[in-house]
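What follows is a single structure, and I will ask about it in a moment.
Should a chain be cited, it is by its letter among A, B, C and D, assigned in written order, with residues numbered from 1 in that chain.
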Amino acid sequence: MSKKESAWTRFAAWVNGEHEPAESRLFSMGMGPRKERRPEITLPKREEKQRLHGFLSWYPVASAVIGVILVGILLATVLAMPSFGQVENPTNNEVPAHYLQHTREETGASNAVAGMILNYRGFDTFGESCVLFLAVSCVFILLLRDENNTSQKDLEQAQRREQRRKRRQDVILQEAARLLSPFILLFGAYMLLGGHHSPGGGFSGGAVLGGALILYASAFGQDAIRRFFNEKVYNTVRVIGLMLYAVLFGYYIFTGANGLENHIPLDYGGLILPIDIAVGLVVACTMYGFYAMFTRGEL
Amino acid sequence: MRPFVENFPFFSIFLVMVTGILLSVVRSGRLAMRISVAVALIAAVLSAQVLAYTVGGDLSFTYVMGKYAAPLGNEIKAGPLQAILALTFCVGMAISLLGGSRDLERDVLPRKQNLYFVMSNLTLASLLALTYTNDLFTGYVFIEISTIAACALVMARDTGPNMIATIRYLFLSLMGSGLFLIGVAILYSVTGHLLMPQIHDEFRLLAATGQYALPLTVSVGLITVGLGVKSAMFPFHLWLPDAHGSATTASSAILSGLVLKGYIVLMLTLMVRVFTLELVLKTRINDVLLVAGVLGMVMGSVRAIQQTHIKRMLAYSSVAQIGYIFMGFGLGTEVGVVASCLHILVHACSKPMLFCCAGKLGDAAGHHKNLKNLRGSAYRSPLAGVGFTVGALSMIGIPLLGGFTSKLYFASASLHTSDRTAVILLVLAVSTVLNALYYVPAVLAIWSPGSEEKLAGLPPMEPDWGFRVSTLVSIAAIFALGILYDPAINIIEAGIRLM
Amino acid sequence: MDLIQRILENRFSVTAVILFGIGFANLMLQYNLVKKVVGFNIMDSAVFLLLASQGYIEGAMPPIVAEGAVEATAYINPIPSGLVLTGIVVSVSVSAFSLALIQRIYHKYGTVDLRELVMRTEKEED
Amino acid sequence: MTLLEDILLLGLIVTAVAAPLCKRLMATVIVYMSFGLLMAVLWVLLESPDLAVTEAAVGVGVTTILFFLTLRRIHELKGTKDE
């Protein structure tokens, strides 16, 4: 009786949440050796460390074994795959042939890659631009200065660094930046605007534009950039770029899927050129945004 | 000229994406939240229209994302199953945001709240795209969107353990998407296509001739494992409890209830539409899924019993529920897949509510999340208590509630397999008992009259209309799935048939 | 002999797979978070190499179509290039995100070693 | 051409192995940068100029800048310790 009562009191205590449930005894047959509980705060530190060490020592071994097995399987796989560089491979079917033969009259671009990613598979590329947008937003959440991630000490330190930078300006860097920035900007714009008939396009052109901004900012300080490129302009340009893409391509999808006629002219790259510009704006903003967040935590 | 309703899947995806982009310039967090909820509800209405249209006509349709069809350009495909899943995702997103809004305002800095809603909207967009997509590479791009957005949702709370949970989650997810991508690369190089119907044709041809047998098997395996890693299949679930347990309430609800399902739905689409169940059976991948599912069911529950932190308990419970879904896939029969789909719906309805109620109960007990400290909290917030109880009972599998139906369907699906029936029935029984062993004490704890003096000092609860609405809607959904399950089953069966 | 012949023929994909293994191992095994990110980047590049090598045709030209020439096999396959282009951008975004996260973690804990970090959080948890 | 390709492929493997093995993170990043450059040259040999341009601008350029900025923030570069 007393045993039963104690069982009952134990159960009541368990229900009240005072005890850990007696799971280990209930299911010892089902789960083999008793598993250790999550350590309480009162647990001695050494034990905790040992447990972690246990975890950390089998983990590398296991993942190394998994890695070796994976590579072995993949090696066998690629050796069974179609040979390198042959014309009769399964990938060289009617789809790339169609792209290559019709990209000019269907998309207005002679660069088949640009035609493919921005027209035939433009939805993927819209998703990709959204990935960039998303990444820079995440970096904003993480590094934009706020009370969580910046203490007074950090601010003072940043100020000191800024003053030191102003005192000792790097002449070589500044002269090089003054000399190179226009050319880099020009080259970026060329790549951006010529994406439909030569290598380049929105992504690389935008990255080069962003690179020029980064060079300028690192030579003359972000205050110099902020004169024409502050947070407001930044947000506007970025959102306008993506919205331009969304609206243009949404219109294209809507008309295409419903069999309507779209009124997009095919000269000068057709749909490709405006979308390239939109993507370029987004990418340039993204790259500069990364830089600004990574150095100072503000735009 | 196609019927106008066929534009709705595309409209819903683009609407949510564009809203996400525009929200980055909205200053006020509260306004951003209202817009997000409204947009999720509009998308839900659009999906409901698609559902009515596809079920009414017993059809599924492809929608060209551009001017050039099938093997050339992107496509999406919508049928009854996709429509009902999209509807569930939209409603689930609205429920999660409404139910977690109070915690959100507290956990996320006001200046960055609009960015949180950017993330939530893009998560929803990626879920919709993963549901509707008919293109493997679109799948990859949106998997990445949902990975980044989900990580951002976890880290939005901005505390130390949270960051570490995020980075572990991120690295494991990246491993998963790397495996998925190399699987896609291998599949592309032997079939030469990226659109699912074309891959299916090539796949069947190659399987019939026996050419490239090894690359095909390996690519199916890699894609399955990659998606499995991202959706917390059993041995890869280690990141989940930390990430889901430490995030803010709305994030936990979104991640547990919805994001995991996005990857599972893509896997389901691939298995049914591309590889087909018979061919998957031949590669024996489904056995791996079955074992992982069964182990997940048992181990997830066992670990959940050991937890004292209510959110971590719910997170481990998610591991177990995901195990059910994989078990259904692993059976390799159509009935099993139907049961899994039903379980996806049930879990997507009840998990967000459980997390929101847990958050509310924690509030009621003075921001404690330990079961011990939650005693009596249900009296301070009765609706949260009722919601938690209903959700918990549904997870255990009490008749009249959604969880019961799906478990019943799992059991009946196991009868269709020849040699595994006994094992699966046994595991189902064991896992039901295990579920009861952690949900019942939690429910009893919140309803047990406890330390009044401790709770008396707390300020009175403010009325939270968003939470009330979201809880009532989810309770209604759970009862609907438990009592009127016939229409849902019919829709799912039609959806699988028309995949 | 046949095997070596085959390996040499497929040297691009074989290299890609080896790189994938290296990247994968680093992503899993390194405790230093920055090195993990490097490992991830190597892994992604390996997949891109595998993809792009599938589109190559011996002796073909870049897929920039000249006026009038319509022989499709004269150019390499543009599809893998497009996919890789997407992939590169995605992997840069992910790297930036994880590096930002690493900065915050360092700011908070003063270390980028995962072992230490895990130990710290275990202690910190309620 | 084949010889150059082989050398580049070997170089890729060597840099990929070496990058994470370096003691100092600075060296890791520099070796990784050379990995990216080798990759860019390889894209040219694979007749994909689009990829080469993008890899050089995005993959090598921006990623490396981000890596270095991170190293400065986590005090792995010389002279960036707190004063």
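The criterion applied here is as follows: contacts are C-beta pairs under 8 Å (C-beta built on N, C-alpha and C of every residue); 3 or more make two chains touch, one makes a residue touch a chain.
The model shown is predicted, which means the values in this text are computed figures rather than measured ones.
Engineer: If you tally the C-beta contacts for A-B and for A-D, which one comes out higher?
Structural biologist: A-B
Engineer: Taking each chain's centre as the mean of its CA atoms, how far is subunit A from subunit B in angstrom?
Structural biologist: 23
Engineer: Need the CA-centroid distance for the pair subunit A / subunit D, whole Å please.
Structural biologist: Spacing between the chain centres: roughly 18 Å.
Engineer: Could you tell me the distance, in whole angstrom, between the mean C-alpha positions of subunit C and subunit D?
Structural biologist: Centre separation, subunit C to subunit D: 12 Å.
Engineer: Report the inter-chain centroid distance for subunit B and subunit D in whole angstrom, where each centroid is the mean of the CA atoms.
Structural biologist: Computed from C-alpha means, the inter-chain centre distance equals 38 Å.
Engineer: Got the subunit C residues that touch at least 2 other chains?
Structural biologist: Touching at least two other chains: 11-12, 18, 20, 23-24, 28, 50, 53-56, 62, 64, 79-81, 85-86, 88-90, 93-94, 96-97, 99, 101-104, 107, 118, 126.
Engineer: Note the residues in subunit D that touch 2 or more other chains, in rising order.
Structural biologist: Residues 48-50, 54, 58, 62, 66, 69-70, 73.
Engineer: Using the touch definition from the top, which residues of subunit B touch two or more other chains?
Structural biologist: In subunit B, residues 137, 141, 144, 148, 151-152, 155, 182, 186, 188-189 touch at least two other chains, as defined above.
Engineer: Using the touch rule from the top of the page, what pairs of chains touch, sorted by label?
Structural biologist: Going through each pair of chains, those in contact are A-B, A-C, A-D, B-C, C-D.
Engineer: So in the complex, the part of subunit A that touches subunit C is made up of which residues?
Structural biologist: Interface residues on subunit A, with respect to subunit C: 39, 41, 45, 48-49, 52, 56, 60, 63-64, 66-68, 70-71, 74-75, 77-79, 81-87, 89, 91-92, 95-97, 99-101, 103-104, 110-113, 115-117, 121, 124-125, 128, 131-132, 134-136, 138-139, 142-143, 149, 197-199, 203, 283, 286, 290, 293-294.
Engineer: Which stretch or stretches of subunit A touch subunit D in the complex?
Structural biologist: 111, 113-114, 157, 160, 191, 199-201, 203-204, 207-208, 210-211, 214, 283, 287, 290-291, 294-295
Engineer: Applying the document's contact rule, which stretches of subunit D touch subunit A when the two form their complex?
Structural biologist: Going through subunit D, the ones touching subunit A are 48-50, 52-54, 56-58, 61-62, 65-66, 69-70, 73, 82-83.
Engineer: Report the residues of subunit C in contact with subunit B in the complex, numbered from low to high.
Structural biologist: Against subunit B, the touching part of subunit C is residues 20, 23-24, 27-28, 33, 36, 40, 43-44, 47, 50-51, 54, 79-80, 83, 86-87, 90, 93-94, 97-98, 101-102, 104-105, 108-109, 114, 117-118, 120-121, 124-126.
Engineer: Can you list the residues on subunit C that touch subunit D in the complex?
Structural biologist: The touching residues are 11-12, 15, 18-19, 22-23, 26, 30, 32, 34-35, 37-39, 41-42, 45, 48-49, 52-53, 55-56, 60-62, 64, 76, 81, 84-85, 88-89, 91-92, 95-96, 99, 102-103, 106-107, 112.
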